[in-house]
Amino acid sequence: MSLANDQRSIEATLWQRVADSLARQGMMNHLGVRLLQVGLGSVKLSLPYSDRVTQQQLGFHGGAMGALADIAAGYAALTVAPAEHEVTTVEYKINFLAAFSGGELQATGRVVRAGRRVIVASADVTHHAADGSINPCAVMQSTLMPVTKTY
Amino acid sequence: MSLANDQRSIEATLWQRVADSLARQGMMNHLGVRLLQVGLGSVKLSLPYSDRVTQQQLGFHGGAMGALADIAAGYAALTVAPAEHEVTTVEYKINFLAAFSGGELQATGRVVRAGRRVIVASADVTHHAADGSINPCAVMQSTLMPVTKTY
Amino acid sequence: MSLANDQRSIEATLWQRVADSLARQGMMNHLGVRLLQVGLGSVKLSLPYSDRVTQQQLGFHGGAMGALADIAAGYAALTVAPAEHEVTTVEYKINFLAAFSGGELQATGRVVRAGRRVIVASADVTHHAADGSINPCAVMQSTLMPVTKTY
Amino acid sequence: MSLANDQRSIEATLWQRVADSLARQGMMNHLGVRLLQVGLGSVKLSLPYSDRVTQQQLGFHGGAMGALADIAAGYAALTVAPAEHEVTTVEYKINFLAAFSGGELQATGRVVRAGRRVIVASADVTHHAADGSINPCAVMQSTLMPVTKTY
């Protein structure tokens, strides 16, 4: 098998691992979150604008940005967690850079350091408007922990 | 008017200020968040368990805890913000202590320090089970900013 | 032995555990940090004002407040860590509330939740002026981990 | 004047702005912090190993890493702050990745977003051993505020 095929096979396995977990998340399904890209140590997800994610000024809710960034960082960590494990978020910190309405949010999570006991990850959230313009929305730094899978 | 009446009147005004803003938050209405208590520098809210707020193990989603704690801290800050202003979250940091399913979450936000340019607040989230038992779920420390109200 | 004596004995043991570790910290000795109080899940420390801890406006440096709050939270965690273990800081987040010069800082660390793998703690820093006035300076929320003692 | 000269002149001005402030920081001078590089929105500093910066296991103290990262992020923010202003740290969050002794730490601060009221910055800290090996130590995400210069 060629190296390129090998790489595709690894990414397909990682994609499946993340997609299986995401399918189980009632909140993310309810908000309409979709998986866009999965690599070793990196995951990208999207969240469409709707009245399910708005704050009082009709922009995307900070809680929605936080939830999206949290799972982007978490799933990035999942791609490097041991087999038969999943990850749990110990804590995260998020800075909000700007508010937007319409279009969709995209969050990219990246593993900063994968330890045996603790995984440190970051995520950034961008807004993608209907006219194609892209703007930074939020940045997150988070701490995760591999835990034995219980389902 | 007695002092007790005066106090009730202030709290009624604060309650209205927070309730008016909460009513405009599509995400919080969608998740079923309810206002429980409003005082000067302190707000308590609840979030019922449903498939709209679950993660992959069917516990309350970290994103739901984060969103609830964020608005508890934010509305606590709103009670001390200047008239004709609202507040925007600059950033927050949340530690998750334990996961629970069923029952409801309650978050209490408190102002730590109200400055002219920056308001620091904290929030704690507890789980309230159907059998009446109460357990700590998460703690948040956040930074907010008064901004001119635009609606 | 009376309960009161028992309590004093436990606190003496906890004090020794913290004091032994603090005595090994070159940086804290250099800055003049002193141990004020040790209880189960709670530790108080002080840092005197000097030109070793100033920033460009001659107030206490944020780095000094951060270091003091970090070890207050860390030593609070140490009082609940298993025997033959010490604790390491996974991460912390600190909000600065006000700047002061002269007098001393005091930081009180408290355990929020002690898990087997992760300990969550908080700390607050106050300024104590020569005239006896006390003012809040900073609040911290931190995550620690018990690790096997290597010395 | 050529564009290259122009660029050098801007960087010399930025360097001077940061160096003037750093020279006033008692704590940083005391710890032996040196300025390595200054660009628009980016600053690199170093901190040599000594008994002034150690923790109980003789590694670099988390408080020293935090202080170094804080000023790296802060001085990156200073390079984009309005004239006659300096910046003050509202809050920061730091994750520790590994502990090292000997050699020196280097911290690079970068502006993530420069707003009129709030500047968001990040910093990463690396360890540089005597044998030339470089390892990641810590990552920080911080919030700063431009304030009128008072000296």
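Some points to look at:
Labels A, B, C and D are assigned to the chains in the order they are written; within every chain, residues are numbered from 1.
What we mean here is this: a contact is a pair of C-beta atoms (placed from the backbone, for glycine too) under 8 Å apart; a residue touches a chain by one contact, two chains touch by 3 or more.
Just so you know, these numbers come straight off a predicted model, no measurement behind them.
Of the two chain pairs shown, B-D and C-D, the one joined by more C-beta contacts is C-D.
Ranking all chains by how far their C-alpha centres lie from the centre of chain A, first place goes to C. If you average the CA atoms of chain A and of chain D, the two centres end up 29 Å from each other.
Our note on geometry: chain B versus chain D, Cα centroid distance of 35 Å, whole angstroms. Between the Cα centres of chain C and chain D there is a gap of 24 Å.
Looking at chain D, residues 90-91, 93, 95, 120, 143 sit in touch with two or more other chains.
Those residues of chain C lying in contact with chain D across their complex are 21-22, 24-28, 30, 50-58, 61-64, 66-68, 70-71, 86, 88-96, 99, 150-151.
Against chain A, the residues of chain D that register as touching in their complex are 93, 95, 97-98, 112-113, 115, 120, 122, 136, 139, 141, 143. Of all residues in chain C, those touching chain A in their complex are 90-91, 93, 117-118, 120, 143, 145.
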